[in-house]
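The chains carry the letters A, B, C and D, assigned in the order they are written, with residues numbered from 1 in each.
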Amino acid sequence: MIVGLPGVGHVGKLVADHMVEALDAKKIVDIYSEHFPPQVMVKEDSTVELVGNRFYLVKTDNADLLILVGDSQSTDPAGHYKLCEIYLDFASQFRVKRIFTLGGYPTGIINEDNYVIGAVNNINMIEELKEKGIQFNPSEPPGGIVGASGLILSFAKLRNIDAACLMGTTTGYIADPKSSKVLLGKLCSILNIVVNTDALDKKITEMDSIVEKIKDSVIGQDMDEYYEQMPASDEELNYFG
Amino acid sequence: MIVGLPGVGHVGKLVADHMVEALDAKKIVDIYSEHFPPQVMVKEDSTVELVGNRFYLVKTDNADLLILVGDSQSTDPAGHYKLCEIYLDFASQFRVKRIFTLGGYPTGIINEDNYVIGAVNNINMIEELKEKGIQFNPSEPPGGIVGASGLILSFAKLRNIDAACLMGTTTGYIADPKSSKVLLGKLCSILNIVVNTDALDKKITEMDSIVEKIKDSVIGQDMDEYYEQMPASDEELNYFG
Amino acid sequence: MIVGLPGVGHVGKLVADHMVEALDAKKIVDIYSEHFPPQVMVKEDSTVELVGNRFYLVKTDNADLLILVGDSQSTDPAGHYKLCEIYLDFASQFRVKRIFTLGGYPTGIINEDNYVIGAVNNINMIEELKEKGIQFNPSEPPGGIVGASGLILSFAKLRNIDAACLMGTTTGYIADPKSSKVLLGKLCSILNIVVNTDALDKKITEMDSIVEKIKDSVIGQDMDEYYEQMPASDEELNYFG
Amino acid sequence: MIVGLPGVGHVGKLVADHMVEALDAKKIVDIYSEHFPPQVMVKEDSTVELVGNRFYLVKTDNADLLILVGDSQSTDPAGHYKLCEIYLDFASQFRVKRIFTLGGYPTGIINEDNYVIGAVNNINMIEELKEKGIQFNPSEPPGGIVGASGLILSFAKLRNIDAACLMGTTTGYIADPKSSKVLLGKLCSILNIVVNTDALDKKITEMDSIVEKIKDSVIGQDMDEYYEQMPASDEELNYFG
């Protein structure tokens, strides 16, 4: 099971959304809840869709994947607990063997090489993940992991399901498809699957061009300073992991 | 059924309140809830009225209209879900055929020609609404529709009731009766009814005079800048649509 | 029944607290609730008291008075609804005939003559209250009455108990015993009772001396400006009425 | 029973955490709740632990100690009430005779000699605690005690368990192991036990070196001013006591 809900730099959400599209996964269930924001999104055809989470299912050569994606996380602390319990109920029902929750890890550093750090609910997972290039640093992230990406690990432990949170490093200021691509690479290596990255590459090019435009408009100003002035959106601040 | 609750520029509320008065609609039910603010409004005669929502009923030549108006929306996310369920219970009870929720769409642009954009819960509605001059732009508003105006569309779909959200463009900074008049015009055209607009015209004149006074007091200052400095009220920021 | 809970300038709370002391009223019940802040107050003898509300009872020549006082109001909107229902249960149990909720009305104006404005749940009360010097201005306060002072009026109406909210005008910036004394005077006139005001007079002298000290420290600065810079406490902003 | 949950300057938490380690106390129960933040902490070995509270038990020469520690307090007011009820259920089950809740008392003053002030739920405790050097000042802290440290006192009273809140004075700006050591000293004197303070001394040295580094970086600037500019963390502001 793969979990990619909104969070820091939308790193995890971009990966999971991309996998759903690139692997042509089939939607099997919609999850709506009064713990989600009271909001609808407007689709390309001007019809509305209630904000919620969705489970997709796809068979690959090496594993059947259950992918959880969504526009939002709970708006209140208690809702996180209730929703994660529901996610795990699905995981149990589908006899999920392992769970990977995907997130971003804000470093505040621009232009750094992206890497992926991990946290697990079973110490036995670390060796394998290290071999695939996931970094494990003691007590990192220092503030813990907020939201579904973290809770799912603890809840999975109670059901004896191994789970790891994989966090792609990102500045924390903007949506970061480049970090998502690195994270996707590591995940594919762990799952031993291949996922076409064309759509993600296109998003990277788009984002590069947006950043380039911003750079032009602030020429002569230190880019790092510029980022620091940018107000991070509420959404980005509320969750990380 | 027409829904005009508080939101951006109070565009939708002004239209629905005006219709209740101009069509001399009859109040049929008061809705109170602990999800509304713990507050009473003081009426002209110094008696109080608990903050809530109200359903009005009026027969017109072309349709019986159930109109939902109110001073407030829910103070918490879960309350929106609960209240919208109640609104739809009434809609079902009155065998409502179509629902139009009214709102504002903040453009941030001053002095623009007002127009109306739409979102629907059934793609078959779009053609008819386009003919009446409603604009449909892909995935607009980009942030979705927050509050009852959006939720009602999704909840209505579950009951097979066609519903559209009609949003009058507005600056987003102040109450905007001019946008409300444009929205009312489109709505009347869709419903094939006539509504006297005298009271709304008076509100437009009043608002123009208020804006004129503000302009005088900030003479020499760029009007656009002035608006941008104005702190939008909480209410205006909380809901749009 | 008299209600004096915390609010703007603590005008109502000061009156009710003073009446409890000056009339030597007897505490008959403590109300604790998880809707109050999770907090204890420390008394003069260093023992603690859970934050809550209290009912006092006192017999006067003209009426038996049930007085509701407290350190706090509900921390959440729904709690206001639940607590006011409980207050009214007590009122019914004690066969209360009329309820006066006491509050402050922030004018933002310094050094003005204090007066008292009213709002009622039964239009028949207005004439009598006007004779006692209460002012009634159409739709004032413009933002309605927030918190228990307002809700109790609407809830009392459902039980056919006449109720009025009496609001002493105050700057809205600091605790205002002077406004409380004016409000107490009107209330005594309505109830046809006499209450010794020595303790309230002492508080006025103390507050005058505090304001005098502030004035000295900001000499040369406009006093009105000074007040405007003062951040109003959360408590004062949360409730008025 | 000793309670050391997060609060001002983490004074109480540091004392209780230190006692657990120095006395080699045994964990007997984990408390998880949807009232805690939806968050996991990452341990040194990169495994995660759900945010919660924990009871430890240790036998000393003079008393069996039940120690409550944790990473967090409730995120909502009602949760504090519910959790404190649970804490007291444990206290009753273990036939706890006395409870000491530990906290910090923000004075805003730098470099002052640390002392400990107290508040009790039974006036008979004061004399003994004064002899051990606890200060009792009328109605201090003036804002009462917020969170579990205060509520537990009132809840314990209902079960006839004597309880005191001991608050070490601290600037309120940063974690303060120096204040914790003073508080620990007084607590040991009250309980008539000895606790090795090596680990706490190390923390004091570390914190001194951090403050020294800050001082160097702001040389020429008034240190008091510097502290005042520091934004206190949310956590520190939410609870004191």
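Here is the rule we use: a residue touches a chain if its C-beta (ideal position, glycine included) is under 8 Å from a C-beta of that chain, and two chains touch if they have at least 3 such contacts.
Quantities reported herein were computed from a predicted structural model and do not represent experimental measurements.
**Student:** Where the contacts of subunit C and subunit D overlap, which chains show up?
**Tutor:** Touches both subunit C and subunit D: nothing.
**Student:** For the copies subunit A and subunit D, give the interface type as same if over half of its residue numbers appear on both sides, and as different if under half do.
**Tutor:** different
**Student:** Taking mean CA positions as centres, which chain lies farthest from subunit D?
**Tutor:** Ranked by distance of C-alpha centres from subunit D, the top chain is B.
**Student:** Any idea how many Å lie between the Cα centroids of subunit A and subunit C?
**Tutor:** Centres of subunit A and subunit C (C-alpha means) sit 51 Å apart.
**Student:** So, what's the distance in Å between the C-alpha centres of subunit B and subunit A?
**Tutor:** Taking the average C-alpha coordinate of subunit A and of subunit B, the gap between them is 36 Å.
**Student:** Subunit B: which residues touch two or more other chains?
**Tutor:** Counting only residues that touch two or more other chains, subunit B contributes none.
**Student:** Between which chains does touch occur?
**Tutor:** According to the stated criterion, the contacting chain pairs are A-B, A-D, B-C, C-D.
**Student:** Tell me, which parts of subunit A touch subunit D in their complex?
**Tutor:** Touching subunit D: residues 74, 77-78, 80-82, 84, 118-123, 126, 136-141, 144-148, 150-151, 153-154, 165 of subunit A.
**Student:** Which bits of subunit B are touching subunit C when the two form their complex?
**Tutor:** 34-51, 75-76
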